[in-house]
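Listed after this line are the structures, all set down as structure tokens.
The same chain A turns up in both complexes below, where it pairs with chain B and then with chain C.
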Partner chain A sequence: MAETGSTPEGATKPPPDAATGSVPEVPTVWRSPGAGTRARGGAARRGTRALRTRTSAVLVAVVVLTVLAVPALVPLDEQAVDLGSKLLPPSWSHPFGTDEVGRDLLLRCVYGLRISLLVGVVAGLAATVVGTVVGALAGALGGWADRVVMRLVDVFSSVPHLLLGVFIVAMFRPGLWPVVASVALTHWLSTARIVRAEVLSLRSRPYIDAAISGGSSRLRITVRHLLPGVLPQAGLAAVLMIPHAIWHESALSFLGLGLPTHEASLGNMVQAARGSLLAGDWWPTLFPGLFIIIPTLAIAGLAGAWRERLNPRRRSELML
Partner chain B sequence: MLELHRITAGYDRRAPVVRDVSLTVEPGEAVGLLGPSGCGKSTLARVASLVHRPDSGTYLIDGESVRAWRHRAPREQRTAFGVVFQQPRQAADPRLRLTDLIAEPLRAAGRRTGAEERVVELAGRVGLSAELLGRRPHEVSDGQLQRACLARALVLRPRWLICDEMTAMLDASTTAALVAAVEDYRRESGAGLLTVGHDRTLLNRWCDRTVHWTELTQAENPSPPKNKPSGA
Partner chain C sequence: MARMAGRRLLLAVPVLAVVTFGVFAIAAASPFDPAKAYAGSAGLGAGQDVFDQLRENLGADRPFVARWWDWVTSAVTGDLGDSSTLRQPVADVIGERIGWSVLLCAVAFALAVTVGTALGVLAARRRGGLLDRIVTSLSYTLEAAPPFWLGLLAIWFFALKLGALPAGGLTDTGSDVATAGQVASHVVLPAVVLAVSQLPWFVLYVRQGVGDALEEDPVRGARARGLRERTVLLGHALRSGLLPVLTLVGSRVPELITGALLVETVFSWPGIAAATVQAATSVDFPLLAALTVLATAAVLVGNLLSDLLYGLADPRVGFDG
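Entry: the complex of A and B
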């Protein structure tokens, strides 16, 4: 409505010269009555997105700072047990309450989050590197190499992630690195697929023909033109992988296959709290649970914002 | 001499775009290839410049038969062709600055010394100002980018130039400038040219000889094989 109101005003303005004067009128031709509403809806959606991005950024910053600062200031004694103060509800001295052997839940949550983030980042990066290399090789080499690699990916994909992950951790003594390896080795598949598809699409671009004609070797084309082309996608895949890896670490720990049970891991804590939850003590379950959910959603929110920047035209399909 | 003989090529073996086409280009000759859109001109140009492997047919370069295309072709054979494509936007890696775009074939050949001067010299030839060389493809116009693509095609001093609708996207003055740059290069190097387009006037003025796509399947069969009774 506002636009149509302003149009006659613009049309009655004679001063602009004929050449440029005709330009502002062009939009009014195709601007339908619904355009205003659509624009407003778009603005609202943009506003929500900006808010989500900003909230996610703040949360991620808080999480990272906490995880770096608190362990440096307050040490955690894994073995400390104080049965006199077990299962205390949240209070000023224990904001998150205490667990079934009297340990402070807030401190354990922070330590657990630290381990989760470590696993998430390392496993996410490792999975992305493996996936990118495999996908780029398959895409760049093509032919039988591509077929063999992609069938291998299909085989791995046909087994549920968690099952394969359990199988991998079961081969080692419980600890941090088997968990990282298990998550990394089960999560490169989707990245490999994405990178391969991207490489295949880049490979048929005329600039690759130009590079071939310019005498570039296959290796040079891969390193100079194909890999830089898929790097933004791979980086995004790595960030999207972090929350996923964190959930897997928690799941493995919850199943008792992840970190040793005495260690402060969020999955371990949720597992240990099951008994007290049935008895009506909600805090040992709630707080570690929130510590798993909130940071991962914040990271996913940031990744979503990045994805929209990379690919603004497909924004609606890619909304998280 | 380039001799394409009974070439069949395309992107799907069951439905080739180019069927049984023959074409020769003498050394130093400029041949213009005319034809309607989608008839397979560009595919033939891609075959001639070794970036597309034909399904069948023979291709002789200076009497030597070509056995391999794309990466598999020997480097010297590939770089004997300077190729300019129709859409500069698609033919330029969006991440490379124009300097790097033009110097890329030199770097791929391991010739780093003197690359800088060569780029500046070529930029002058194709009419690119020094200030544009530091920009990336999205920061220049189609015409400027096509100038850079021509410079890239010339950087290794090819013996053959293949221009696939090089000027289709460009205005008259840029077209004139690019054609002049190509002709300058051909005068001093004696390179042969195969240029593809559908602007009859331009090709007639530019080339020694223009052929229409429809002529290629019949007339240009120098040594007609078994199934050619009418040609002789």
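Entry: the complex of A and C
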């Protein structure tokens, strides 16, 4: 098995080490599109990219405002059942139609997005904290501690994420916290790798040497000098984690292993709509799915722009 | 090569041991009670002493390390315990279902590789062009779309609206025997959905690989020799651009398993992934533990295959791993 980088060279670009059971964090897709292409359509491409960043930013703002404002401003109850108006197709009074017990789907989608975003942000942050601490410790301690930790990361990544998540939730009973925990426990691996690589590359900088000669303790160097250096990368990893976490939560909920079924999570809504879909009513299925896709693309587009700024050499042409 | 395969198989042993250990540790930390799971609804109203007795009989009162060791030693002999929901040995459950899962995944994977390569080459031919932009945007959207949602929409459209394909299961309702024709018509929809969920990755990788190769010297040389564009694209650019993709194919196993978990559930496909979900919803620990380990083993095999392919496809890479 290839030595998973105890060298700083392994830092910026994790080796495509299939032995670790992971696709490299940065697929070749994200690398520079190559000189020739850039010469051909440089300005136009930059324009498209700026437009995409702006669109993503606006979309993210709209999503955040909606999930924050609508529950406060709209006095309607998303759980309110109205059996007289069940499964109405989209219309002016119900733009997304109504579900099998007559609840307004637009309102429910907004509430679902709210819960999914909440789970996504909390789980993404938790995963990032775990990954940053583990990665920073491995990178700063080095030696056998590093090797043990990175081997553990390899082992962890040979269990498919969703399967491990399913297992954890099944053992701890479905609910908000098991879902958050299962997402956090399965998604810290990539952050740990990135942060460790960053720490390794920072460790060889002169100012760290200066701190060591100045007699700073190892802990102090890690906390004062190394951690602040990795924060931007960790922050980026956290944002990139949010769409993953949303996806993961909706999948678990759809399988009946996520949030409680009465909760308007997007995955629960798709699951609940299965019956009406088989009867031919498409709208209760279609809209919650769109509410998963659009924020995912918007967040990924914004994070892509951030990544370009952080790693200008690794010019990303693409999003996700 | 054989040496490398052997070494990697040896390395898989500790990995699997750690994974099983982790599985038992998680179960021990959780509120899951093997005795209650074993008793099922028959345990309702039973007193504490009954459960204590049951726990002792099942060996569940011992520390989880001891139970883990028991499980490992009997697993080596092929005894994976009994599934508490399906009331049959776990090994039988796996044996009955694994073939269907392999069939589904193989069809889907072959489809994803072929279509993905074709679309990737088309997009790479003129990067930044209209076709490229359509293909890449579509890929991102599909990558963001949950497979279960795609599956349900596919059922709605192809099975309900068009009535062209069956909505799920393995055979038509009423027939018990799985004939080849029935299975073939039932596998189409789930396999296509699973393939579509894996497609974006292939398209984007092939597009990048071929696009980069188109700007390299061999292609420039081939163009200078006046070869036809088609020959240059398929004979030169595709050949070198596909190399990095082929070698990463094996590392797609985790994503394939994730996709299968969702797709098999949506289409009621009688495979092993659907059994995993059933085992999870009914907290069937013996089945769940065995399937988690099986999935991990599949991932390790995929990694090994991908490394072997890497060495075969690119002679510069040695087999010293």
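Basically, the second predicted complex is superposed on the first by the 268 of 320 C-alpha atoms of A that agree within 3 Å, B and C clash if a C-alpha of one lies under 4 Å from a C-alpha of the other, contacts with A are read in each partner's own complex, and residues count from 1 in each chain.
Keep in mind that, in the parts below, a residue touches a chain if its C-beta (ideal position, glycine included) is under 8 Å from a C-beta of that chain, and two chains touch if they have at least 3 such contacts.
Note that the structure is a prediction, hence the values are computed from the model and not measured.
Asks: Once the shared chain is lined up, is A:G280 touching chain B (first), chain C (second), both, or neither of them?
Replies: After superposing on A, A:G280 lies in contact with chain C but is clear of chain B.
Asks: Name the contact category of A:R173: first (chain B only), second (chain C only), both, or neither.
Replies: The second partner, chain C, only.
Asks: Once chain A of both complexes is superposed, is A:I212 in touch with chain B (first), chain C (second), both, or neither?
Replies: The first partner, chain B, only.
Asks: Taking the superposition as given, does A:R220 touch the first partner, chain B, the second, chain C, both, or neither?
Replies: A:R220 contacts chain B only, not chain C.
Asks: With both complexes superposed on chain A, which partner does A:P228 reach: first (chain B), second (chain C), both or neither?
Replies: first
Asks: Mind telling me which of the two, chain B or chain C, contacts the most residues of chain A?
Replies: Counting contacted residues of chain A, the larger count belongs to C.
Asks: Going by the contact definition given at the top, which residues of chain A touch chain B in one complex and chain C in the other?
Replies: none
Asks: For a test of understanding, state which residues of chain C touch chain A in their complex under the given definition.
Replies: Residue positions touching the partner: 8, 11, 15, 18-19, 23, 26-27, 30-32, 127-128, 136, 140-141, 143-146, 148-149, 152-153, 155-156, 160-161, 167, 201, 204-205, 207-209, 211-212, 215, 244, 247-248, 250-255, 257-258, 261-262, 265, 276-277, 279-281, 283, 285, 288, 291-292, 295-296, 299-300, 303, 306-307, 310, 321.
Asks: Considering only the defined contacts, which chain B positions touch chain A in the complex?
Replies: 46, 49-51, 70-71, 75, 78-79, 81-83, 85, 87, 90-93, 95, 104-105, 108-109, 149, 152-153, 155-156
Asks: Under the definition above, what is the set of chain A residues touching chain C in their complex?
Replies: Residue list for chain A touching chain C: 1-2, 16, 18-23, 27-29, 31, 33-37, 40-41, 44-45, 152, 154-155, 157-164, 166-173, 243, 247, 250-251, 254-257, 267, 270, 273-274, 277-278, 280, 282, 285-286, 288-289, 292-293, 296-297, 300, 318-320.
Asks: Quick check: in the complex, which residue numbers of chain A touch chain B?
Replies: Touching chain B from chain A are residues 205-207, 209-218, 220-221, 224-225, 228-229.
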